[in-house]
Structures are given as C-alpha cells and as structure tokens.
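Below, chain A partners chain B and then partners chain C, in two separate complexes.
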Partner chain A sequence: MPAHKIIERLKDQFGVAIQRADLPGNGRLFVFVDSAALKSICRFVFRDLDARYVTSIGSDDRPYSDSFLVAHHFAFDRTGLLCSLLTHLTGNPPKVDSISKEVPAANWAEREFRDLLGIEPVGHPYPKRLVLPDGWPEGKHPLRKDVAWNFVPEGYDEDREFAFDEPPEGCMVIPFGPFHPTLDEPAHFRLYVEGEMVRGCEYRGFMAHRGIEKLGESVLTYNEIPMAAERICGICGCVHNVAYAQAVEQAAAIKPPPRAEFIRTIMLELERLHSHLLWVGLACHIVGFDTLFMQSFRIREPLMWMAEKISGNRKTYALCLIGGVRWDFTAELKAELQQVLLKVEQEWRAVVEAVAGDRNLQKRTLGIGVTSPELVKNVGLIGPVARAAGVDIDCRRDHPYAAYDRVEFKVITGTGGDVWSRLLVRAQEVFESIRIIRQCLEKMPEGPLQLQLPDELPIGRMGMSSVEAPRGEAHHFVITGENNRPRRWRVRAPTYQNLQGIPAMIKDQQLADMTISLGSIDPCFSCTDRMEIVDIRSGKTTVYTQEELREMARRKVL
Partner chain B sequence: MSGKAIIEILGGLANVVIVLIVAPFFEGVLRKLTARIQSRQGPPLWQPYYDLLKLLGKEDIESGESPPMQRFAVYLSFAAIMTVACLVPFGSHAPANGIGDVLVLIYLLTLCGIATMLAGLAAGSTYSLIGMNREMMSLITLEPLLVVAMVIGAIHVHSFRLDQVLAGSVYAAAGFPWSGLIMLGVMLISFQAFVQRVPFDIAEAETEIMEGPLMEYSGPKLALFKYVQMAKLVIYSALFVALFIPWGHTGLYPLDVLIHLAKCLVMVLGVTWVAATHARYRMDQAIRYYALLVGISVIALGMAVYGY
Partner chain C sequence: MLLETWLVQLKHWMVNLFPAGWQPGVGSLVSVTVILGVFATLFAVATLLERKGLGRIQNRPGPNRVGPWGLFQPVADGIKMLTKEDIVPLTADQVVHFLAPIVLLAPVTLAFAVIPFGRKLVPIDLDAGLLFFFAVGSAAEVAAFMAGWSSHNKYSLLGAMRAIAQMISFELPLVISTMAVIMMSGSLSLVEIVRAQDGGVFGLIPRWHVLTPWGLAGFLIFFTAALAESNRSPFDLPEGESEIIGGFMTEYSGFKYALFFMGEYFGMFAVSGLATTLFLGGWHAPLPFLDRTLVPSFVWFFGKLLLLLFVFIWLRGTLPRLRVDQLMNFSWKFLLPLALINLLVVALWRFTASWPLAGRWALCLVALAAPFVALGAALMRHRHWKPRHYRYAR
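Moving on to the complex of A and B:
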C-alpha cells in the first residue's frame, strides 16, 4: 500500500487525530497523532493494514517542545515503507496508553521507556522492570535530558536481588543462567518444569546494559558514534555501524557516494557469512555434534583473515562515517576475496550436502522450537526465525539500503518454522551472501569514498534505518541535534524481538530442547561487567568490583 | 593360603595394573582420532595422563550439598570398577574365579552406575539431579542387555563361572548359535551407550546440564571420576571382546594380553567414529532405542533356552 494511500485511510478513519504527516521520500513516513487516539491507530495499522511492528521509542523532548515523545514504528514490507507514529505527551508524569494488548510485540519496548524515561504505559499487561537494575530507586530515569550520563542515584543498591514471579502450581523451577555453557553472555531464564516438560519461563536480562544510547546523546559526536555502535555486538557490529550512519544520513538527506555503498554491502555480507558459519558451529555444539562445529569454524577462519586484511581487524571493521566509508578495496584485495569465496563456497556446499540428509541431526532439530506465522506477527519475530516459518521478509529486499537495490539475490524461506528449517535457511543464505559479494566486486564503480559534508547537520530531523543483520532486522532511529551529536538515538537489535518469542517456542517441549531452541534464534546478549583475577605467583584470588574495575580502567593499570 | 588363590589374586592385580596403564592411552587415541576427523591437530597421545596428574595435584574443593556422600560416591565408583577389572579376562582366562561369578560382575557394574547417581544426589543442584535421573533411567533400560548376553552364555555352558562364560560362551549353543549372533548385533549397536559417549552421553551432557552429577567435583576426585570413565571404556571393550570375539589366542600370556588389547582398541576406534559423527540424543529418544533392543534380546534369551 503506497504511503499516500495509508495517510488517506488513516485520515478517513481517525480524522483530526491525525495531526501531521511527513513524507520525506524514499520509503519513510512520519505521522504525528493525538496521544488519546494512539492506541486505536496502532491497532488499526497493525491489524487492519497488516503492518509489521518494529519497535517503540520514548524520548525526552522537554528542552525543545516541553513534552515527551513516544513513537511506535511499523514496517510495510511489501511497499518498502517504514512508518513512525509519533505523539507528544505533555502530562507530568507523562502517560500514554499501552499498545501491548493489541500489539504483543511492544511488550519490552514499552517497559523500556517506562524504565529509562519514566513514561508510564497505562494498561500494560506486565509492567515489571525490564532494563534498570533491581536496586535502582524508583523515579530516577537515566535517559531523561536532565540526568547526566554518569549519574548514580543515591540509595542505589548494587546487590539487590531480582524479585521473581511465583511459579505455576505443580512446577519445579530450573534456573537457566545467568551463566551456562551454552549462553555466551549473561541472561537468566527461570524455567517452570513439570517432569521433563517446560511449562513456562520468566526472563531477566539486561544484566550488562551499557548505556550506549545515553553516551551517544550526551558525550560522543556524530562521527564517534559509529565506532561505539559497532561495539554493541561482538558478532554483527558492522550492522549497527552501518545502520546508525544510514539513519543520520537519512535524517540529514545525505546520499553517500556509490563506491561507499558497495563497500558497505560487501562488508555486511562478509559479516553475515562469518556469523552464519559461527552459528551453525555453535548450534551443532549444543546438540553434541562437535565434528560439524569444528568443520564450520575451520571453513570460517579464512573469512576472518580476509576481514583482517581488508579492515585491519577480524571483527569491528570501523567502516562507516556519516556520508561514506573509511577505507577502500584495492585490486589485490578484490582478487584475494574472490579466491576465499570460491574456497568457502566449495567447502560449505560439501557440508550442506552432508547435513541435508542427516537423520541423526534431524532427530534433535525437526519439530523443535516451532514458531507459527501468527507468532511471528504477534511477537514481531524477524530474520531467519521469521523466514524459516515461511514469513517472507528481508530488509535487504524490502527496504533496500547501501547497494542492495543493484544486486540480485534470493530471499531464502522455509516452511517448518522449527530449528531444522532455521538451520537450512541459514545454510542456504551463505550461498546468497557469496553471490552478493561477487556481484558487488564486479559492479563496484570508481569514485570517492566520502562526501564533503556541510559544517553542521540540520537540527531536529528524524531518520530511521533498518539493516538486515544475520539475526534479523536491526533498526536505528535518530533525531538530529545540537553540539554535533544526535538528540535521540535508539537502537533495536534483532535479538530484542526474537528473545520475546522464546517463551512460546519452549513451552510444552522437553527440557533438553531448551538450549537448542534458544540457540536457534542466534541470541546475542551483551558483555560482562565484572571479572576475577588470579595472581599466578602467589595463588591469591582477587575479585574486583565494578567500582574498582572502573577505577583501574581510568588509570589504565592492571 | 593356597597357591591357587595367590595366583588368582596376582592375576586380578595384573589386570588392574593393565587397566590403569592402558585406559588413559585409549582415551588419548580417542581424542587424537576425533581431532583428525574434525580437521584438528589434536592433543598428544599421552595428554590424558598429564590431565589426570594435573587434576590429582589440584586443590580439592568440596562445594556440594553433602561432601561425605560425594567422597563416598567417588571412592565407591573407583573401587567398583577396579574390582570389575579383576574379574574380566585380559589375555588369559578370567583370573579371579574365586572372588565371584558372572552375577557379581553384573552387580559391580550396576554399583558403578549407582555411585554416579549418589554423586548427583550429593551435589544437590538441580542440574546434577537431572543428571542422576537420566543415569537411573539409562541404567534400568540398558543393564538388562548385558545381563541377557551373559545369561545366554551361562545357559550354553551350564555355568556362571567367569572363566567359562567370559570365553565366547554365547556361541556355545547346541545348535546353530542364533542367540549369540543376535546378541552380538544388539551389543554392537548399544556399545556406545555402555561407555556413555556421544550420542549417549546424556547423563553428563555438558551443553545441557553441565556434566550433571560431576558438576561439583574438582581436583583429585574429579580425576578419579575421569579415570573411571576411561577405565569403563577399556573394561566394557574387554568384556565385549571376551564374550563375542574370543579367538586368536596363542597361549603365551604377554602376547595374548597384547592381542586382547588390540581387539579392545578396535572397539575404541569404532566408538570414536560413532561419537564424532553423531549428535546427542534426547533421553526419551534413547530410552525408546534401548527398549527396542531389550525386546530383541529377550527373544534371543528364549532361543538360547531352546538350545539355539
């Protein structure tokens, strides 16, 4: 449905509640609506217009408009349109009608702006704390503009424990995490188990929330943020780097030079290659099939070396600045990359053929962690998880960015919606990524890498960007601001949505299938915030607190 | 003490020494071959000896629910498996006939599993309890296979004596040894489960329940448990060889030991190959698999009774 048609339908339905609609072109739509009608408009867009829920954003806009801002983002994938429904909230404390009952996928995002900005989602079905630590006092909201980035409230109790819900009757509680061999990062699932069957779970994550958004809004500058954004994820960092740069470029109506767009595409696909190979390895390790684990890591290694040759790093490529990229591809690099791709393609084909008929592997993956298209819609699942359930969405095709509109590729979908079809989808996507990189190497035009930018980017403009990460769509939203930095920068990583689907995926299946079900969304949590150091000579063990570590990091001693 | 008894005891002790020396080496072969299948260099063959020595020298942290029971479990497990080593033939006929018969052997093997369950109970964490639960289920469904194999041998030779049963007795039927051949097949495809390797390492599955019953062990006690696991690989191989592949003995004791161990090594290579090419089964899948095999073995038992 084209954008003007959507505006028309909204105006027909809601009349004056639709205050203003901006259509800045190239697939973006910003609709300012009356806060009282926000809930019914969201229901209409989500159910009647069948848009896909992306995320919800809260923002402290008081210094500029004396109000708080809430935005719900939806995607019309068939028409390549990203739509933002915005509303200003003037009350104190700010309140907005919760949409989580109509749009279950908004559950976390609404709790997040409740925690971080103090915007109360009225009528939220489960208004429990999500992001802030449990010892954090009520009424302090770190993302508000009058709160400093390094603010620690009085009475903050670091050691306060999380208050869990009561388990259902007749169920045993099995703690899964915060540390478990199959969780690479801390996250806690409290599983309610009856015999060997999982009946439900409670999730507590955000144990290492690093406040990167706040840092971007108050300390860093436009061109420093891409490097911080890259560190959001240790596997698909380049995705956030590109997504942020694109969101700013889109807000400021800048188009990077074509060569830069091709280079971005190549690096994003290189990242997808290594990430998918890594995932297949880890998934096999989880089900005890270590041979394939080792083989996929062996096949993956040349890609890491190649990335190092191109960017100077195996990971964290430090690729983008606003309006371009930081480094170029030489002819030798291109030739060598072609060689590596050829080898990876051959070896991966052999693996895929061997695995395709493996009955033993199917025993642990077929019919496990099943998602239906309804669940995908309701919880807003994305990426290979959605595609394996037969939902044909892929930001590279639906909302083209970088050079994806100039290359040909297939969007791989499955039918089973289980772990096995996710495996097949990812395995096939490796070949498509190789195809895309080859086309890019062939079609990459000569030219500059970086735009000459005006001294200051325009202020108060909004931009959003969706990038298809290996795990699904990563979505960045930016409001440009003063002092050479954005006013608001919001990141929604793909796991943010996919994790919300886990309770439904593991319900009523065996406990032993929990790890592979969780693993199958390729979860990506965060980093550790505390460490232990053993002095080898004296054998003395010292555990440093967060405080001491911060102190040491500042003094650069260890 | 009579001369015969002394020879029996010496023979049993010789077996214990053989198992203690050979078990880490077999584990080393298993690791090296696994690495090769996985395109890795792999650790040196003697790495398991180093590992055991290292663990034995480490600090012993008793962090479980009930340390005395943990201690008891690990010693029980080690003692049981070493007593089994006395009873199983390595090269010559079963040495320690005086200690017990086939039934004692079966009890001792079961005791080994029970020690693992005690360890899980003593650790007291949710994961180790799950591991204990799984160990119990596999013990109940798996042990009958070995019992049937030995009882079939005992029926054929009309004796429970170790030296008579553990000498290819399954083929000693009056008629064509159908029951022996069926049990050969059954034991061959369930062997992986007896030595608890992938795809049947369910009770300890590291990525699911974090080594289950072993999770609270460290240092020397963990070393003993690891030693037990390695010894199980050798002893079950030796049992299998004695029951089903008894041929090729020369009568010269040292040479026979080597021949026997070579046959065991072939079993280990098979175990390695299966472990490297399979994903772990879920408990319910494994139980269904064992149940089918138990059904088949009961049929074989019936045939043995009628002289086949």
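Moving on to the complex of A and C:
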C-alpha cells in the first residue's frame, strides 16, 4: 500500500485526529496524530493495515515545543515504507494511552520511556521497571533534557534489590544468570519450572548500560557519534554505525556518493558473514558439539584478518561519517577479499553439507524454541528468527539502503520456526552474503568517498533508518538539533524485540532446552541494554583522570 | 620368552630379596606400584593424545608449545594443577569435600587388579573377577554424590543428580551385556574368559567373542554404556558446562580437580580394558598364529586398549551432547531391552551349536536386527510432549 493511500485511509477512519502527515520521500512517512486517538490508530495500522511494529520512542521536546513526544514506528514491508506515528503530550506528568494490549510487541519500549522520560503509559499490562537500576529512586528520569548527562541522583540505594514477581503456584524458581557460562553477557532470567518443564520466566536485564543515547544527545557531535554507535555492540557494531549515519543523512536529505554506499554494503555483509559463523559455532558449543564450533571459528578467522586488512581492525571498522565513509578499497584488497570469499564459501559448503543431514544435531534442535508466524507478528520478532518461522521479511530487500537496491540476492526463509530452521537459515544466508559482496566488488564505481557537508545540518528534522543486522533489523531514529548534535537519538537493537519472544519460546519445554532456545535468537545484551545515564558506581568510586591512570600503569610495570 | 616374562621375573627377583613372611605383602606392593605407574603414565599420554586427536578432528594443531610437538604438555599441566590454589567453599562440608576425589579414584584403581594384562600378567586371578570389577566400579556414584552434596552449590548438586541417574541407568545394560559372555564362557573369572577366546579357525580367524553375533551386539551395548558410565561425550551431561557450569566438579580446583579428571580417565581405561578382555580376546593377538611370536602378549592388550581410547576420543569429536530425557530414554527404552534380547540370542547361539554356521548367523542376526530397528524407530520418533501435571507438587 503506497504512502498516500495509507494517509487517505487514516483520514477516512479518524478524520481530524490526523493532524499532519509528512512524506519526505524515499519510503518514510511521519504522521502527527491526536494523542487521544493514538491507541486506536495504532491498532488500525497494526491489525487492519497489517503493518509490522518496529519500536516506540519517547522524547523530551519541552525546550522546543513545550511538550513531550511519543512516536510509534511501524513498517510496511511489502511497500518499503517506514511509518512513524507521532503525538505531542502536554500534560504534567505526561500521559499516553498504552498500546501494549493491542500491540504486545510494544511492551518493553513503553516501559522504557516510562523509566527514562517519565511518560506514563496508561493501561500498560505490566508497568514494571525495565531499564533503570534497582537502586534508582522513583521520579528521576535521566533522559529528560533538564537532567545532566553525569547526573547522580540523591538517595541512590545501592543495596535495594529488584522486586521479582511471585512465581505461579506449584512452580519452583531456578535462576539463570546474570553470570552463566553460556551467557557471554549479563542478563538474568528467573525460570519458573514444574519438574523439568519451564512454565514461565521473568527477565531482568539492562545490566550493561552505558548511557550512549544520552551522550549522543548532550556531549558528542554528529561525527563523533558513529564511534560511540559502533561500540554499542561487540559483534555487529558496523550495523549501528551505518544505521546512525543513514538516519542523520536521511533527516538532512544528504545522499552519500555511490562508492561509499557500496563500501558500506560490503562491510555490512562481511560483518554478517563473521557473525553468522560465530553464531553457528556458539550454538553448537551450547549443545555440546565442539567440533563444529572449532570448524566454524576456523572458517571465520580469515574473514577477521581480511577485515583487519581492510579497516585496520578485526572489529570496529570505524567506517562511517555523515555523508560517506572514512576509507577506501584498493585493488589489492579487492583481489584478496575475492580469494578469502572463495575459500570461505568452499569450506562452509562442506560443513553445511555435513550438518544438513545430521540427526544427532536435529535431536537437540528440531521442534525446540518454536515460534509461530502469529508470535512473530505479535511480539515483533525479526531477522533469522522471523524468517525461520516463514515470515518473509528482510530490511535489505524491503527497505533498501546503501547499495542493496543494486545487487541481487535471495531472502532465505525456513518453515519450522524452531532452532533447527534458524540454524539452516543462518547457514544459507552465509552464501547469500558472499554473493552480495562479490556483486558489490564487481559493480563498485569509482568516485569520491565523502560528501562535502553544509556547515550546519538543518534543525528539527527527523530521520529513521532500518539496517538488517545479522540478528535482525536494527532501527535508528534521529531528530536533528542544535550545537552540531542530534536532539534525540534512539537505537532499537534487534535483540530488544527478539528477547521479548523468549518467554513464549521456552514455555512448556524442557529446562535443558532453555540455553539453546535463548542462544538461537543470537542474543546480544549489550545492544539491548545500550542506554543508561551514568555508571551507577561513579558516585562512589574515585574517577581517575587519564594522567593518573597512566601513572598507575607505570607503577605497575615497575 | 624373556620378552614375555621379564616383568614377572623381575618381580620374583625383587620379592625374593625379602624374608619369606614379607613376600606376599611385598609382591602386592610391587604389583600396585607397577599398575599405578603404568596407568598414571598412560593418563598423561592419553590427555595429550586426546587433545592432539581432537585438534586433528577439529582441524587445528592442538597443544604444540611445550616441548617438541607439545610432548611435555602433560607435565606442564601436572605442574600447573599441583601449584594451583586449592579452594574449598566456606559453606562446604570440608571432610566430604576432601574425600570425594579420593573415593572416586581409589575404587577405580582397584578395578585394575582383576584385569589380565598379559599371559602372565594377572595381578589377582579372582574367581568372581567380573563381579569384583562391577562392585568397585559402582563406588563412582558415591563419589559423585559426595562431591555434589558437600560442595553446597546448586549446580554441583544438579550435576551429581544427573551423574548418579546416568550411572545407575547405564549400569544395567553394562552388566547385562556382560552376562552374555558369562553364559558362553561359563565363568566369572576374567582369566577364564580370556582362555575361552583362545585359538582360532585355521589359525587365522580368532575366536574372539566380538566375532559372533551376540558378542558383536554385546560389545556395542557394552561400549555405549561404558561411554555413559565414564561420563564421556556424548553422555557428558553431568559436567555439561553450557547447562550446569561444571556439574559436581564446579567447586573443585587444583589437584582435587585433577584427581576427578584422573578418575574419569582411569574409568575409561578400566572399562576399555574390560571390553578388551570380554569381547576382544584380551591379550591374544589379532591373528592367532601371532600369539606364538616374540611379541609379548601385553603389547596386544595395550594396543587394543589404545584403539578403544581412540574411539572414545573420536566419538567426542563427532557427536553433540544429548539431553537428560533423551539420555534416559536411550538407556531404558533402547539399550536395556536390547541387552536382554541379546541374552536370548546367546542362548539361541548355544543351543544351535550343531547347525551350519551360516544358519546360526542368520538366525541370530535376525533376532537382533528386528528389535534394533523397531526400538530405534520408536526412539527416533519425534514426540510432542503434552504439558504434564504433577498432582502432588501443588
């Protein structure tokens, strides 16, 4: 459904509640709606127009419009349209109707703006603290504009513990995490088990907060943020780097030169390659199949070396600036990358052929952690998890960015929706990635890498960008602002949505399958946890300056 | 003949240095020292072989830094283990925590006493050697429980529970598969069982038990159950680190941890030795006429032992870990019925002794293959578990 048709239908249905609609072109739609009608409009868009829920964003807009801003993002994947429903909230404290009952996927995002901005989602089914640490006092909202980035609240209670829910009757509680050998990052699941069966769970995460969004809005500048964005995730950092740059470029109506777009595409695919190989290895390690773990890491290693040759780093490629990329591909690098791809393709094909019929591996993964297409829709699952359930979505094709509209590739889908089909989908996507990189190397035009930017980017514009990370769609939203930095920058990592599907996936199955079910979404907690205002300990420990640290290091050496 | 008997002669010479009253005691002491020395060395070699072999299977070099080709890696590991801090949790039961690794290792070492390592190398020829072997082998369960309980750690206890459930479940097929051998050889003495596999057809085809249909099935059942008994992959659930950290070994460090490790390997050696004795002809050479050559019989024995060890390592590099329920199903619904059916087959084999060989083979193979296929198909079928309700858990 094209954008103007959507606006028409919304106007037919809701009349004056639709205040304004902006169509900045290239697949973006911003609709300003009346806050009273927001809930029913969201339901209409989600259910009747069958849009996919992306995320919800709160923003403190008081310095500019004397109100708070709430945006619900939806995606029309068939027509390549990202749609944002925005509303201004004037009340104090600001209140907005919760959409979580209509759109279950919005559960976390609404709790997040409740924590960080104090916007109350009225009628939320589970209004519990999500992001802020346990000891953080009520009524302090770190993402508001009148709160400094290094703010430490009065009355922070280090010893307060998180109030967990009562487990259902007849169930035993088994803690899983925060520190567990299969979890590479901290996250805590409280599993309710009856015998060996998992009946439910409660999640307490957001333990790796770094306040990156707040920093981006108050300390860093436009071209410093890509560095911080890349460090959101240790595996798919380049995704956030590109997604941020694209969101700003989109807001400021800048189009990077084609060569830069091709280089971005290559690096994103290179990242997908190594991430998928890493995942297959880790998943096999979880089910106790260390041989395949070793094999996939061996196959992955040349890719890491290649990335180091290209960018100077195995990870954190430091690729993007607003309006282009920072470094070039030489002819030698191209030739070498071709060689590496050939080797990886051959070796990976051998592994996939060996694994595809392996009944022992199937015994541990078939019918485990099942997701149905309904669950995918309701909880907003994305990436390989959605594709393995037969939901054919892929941002690279649906919302083309960088050079994806100029290359050919197949979107791999599965049927089972279980761990096994996720394994197959990821294994096959490796070949598609290799295909994409080859086409890019062939088609990459000569030309500049960087665009000459205007002195100041326009103020108050909005941009959003969806990038298909290895784990699913990473969504960035930017409102441009003064002082050479965005007014609001929101990151929605893929695991943020996929984690919300975990309780449904692990319900009524064996406790021993919990780890592989969780592992199968390729969880990335630091992505998900990206925002928190300050290190909770900085109020208590001494902050060392760089000089002091260097001094300490010297003393240690002597 | 000297090659064959030099060890025995050396022992006699040493024992004869002592007064007559001391001689039995000294003799045992010498045997014990030799067994411990040999198997501790084999332990060191096996760890290196395992890491090298796994590395080969997984397409990587394996340890190659310590000494030429990493040969001194076991020494380095030993020094590391010995010098590591021994941590005992504050809330642990100190005494039991200390005793558990010893309780694991001592009985496993005892099991070596009854295995005939060579023609003249039998530490003790017990009449009920096989019974003794299983009796001391079962003590491993006590050790696992002691370790899990005394650590005062949920994961340790879970691991111990898993280990005990697994060992008890697999002990049944393990023991029942050996009953077939007892039925044929008519003795519980391991020396007698080896003697029953003496000689061969035309001096070429040995009369090992594994070369009969019931022996082959028995050997496979025995070996599979032995894998589980020694907590080896793919049955390494008790220490499946992705699920329960390190199982009952979670709270162990330093040399106590090494002792557990050693216990696992000694267990592996013991069951491999027993499998060799029961099914693979013990110390007999693979071709009967080779028995009369200069090669000492214990070379054949240890050759077979190392071969079985290699299969242990090979399987570890090939198979993913099973899940708890799959493991239990495998034991109770597959291995145990097959082991019982194998007892029928061995009876068939015995009472059809007058039949032509081909007919006997065909009959026994059918009697084994039919339940194998049926049970296997039933086990591999994908079941949709319904939510269970526990009436008394509420």
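Definition applied: the second predicted complex is superposed on the first by the 526 of 558 C-alpha atoms of A that agree within 3 Å, B and C clash if a C-alpha of one lies under 4 Å from a C-alpha of the other, contacts with A are read in each partner's own complex, and residues count from 1 in each chain.
One rule holds for everything that comes next: a contact is a pair of C-beta atoms (placed from the backbone, for glycine too) under 8 Å apart; a residue touches a chain by one contact, two chains touch by 3 or more.
Computed from a predicted model, the values in this text were never measured in an experiment.
Once both complexes are superposed on chain A, the partners chain B and chain C clash. In the superposition on chain A, A:Q510 makes contact with both chain B and chain C.
Of the two partner chains, chain B and chain C are each touched by A:T291. Touch criterion not met for A:L270: it reaches neither chain B nor chain C.
Of the two partner chains placed by superposition, A:A243 touches none, neither chain B nor chain C.
In the superposition on chain A, A:N360 makes contact with both chain B and chain C. Judged by the touch definition given at the top, the superposed model places A:V198 against neither chain B nor chain C.
In the overlay built on the shared chain, the residue A:A402 is in contact with neither chain B nor chain C. When both complexes are aligned on chain A, the segment of chain C among 149-157, 365-373 or 383-391 whose C-alpha atoms clash with chain B is 149-157.
Comparing the two complexes, residues 180-182, 196, 284-291, 294-295, 298, 360-361, 363-364, 510, 512-513, 515 of chain A contact chain B in one case and chain C in the other. Of all the residues in chain A, the ones that touch chain B in their complex are 172-175, 180-182, 196, 284-291, 293-295, 298, 360-361, 363-364, 510-515. Only residues 54, 57-60, 233-234, 236, 240-243, 245, 317-326, 380, 382, 384-385, 387-388, 390, 393-394 of chain C touch chain A when the two sit together in their complex.
Residue ranges of chain A in contact with chain C, taken from their complex: 169-170, 180-182, 194-197, 284-291, 294-295, 298, 359-361, 363-364, 366-367, 508-510, 512-513, 515. Listing the residues of chain B that touch chain A in their complex gives 34, 37-40, 126-127, 130, 198-199, 201-202, 205-208, 210, 276-285.
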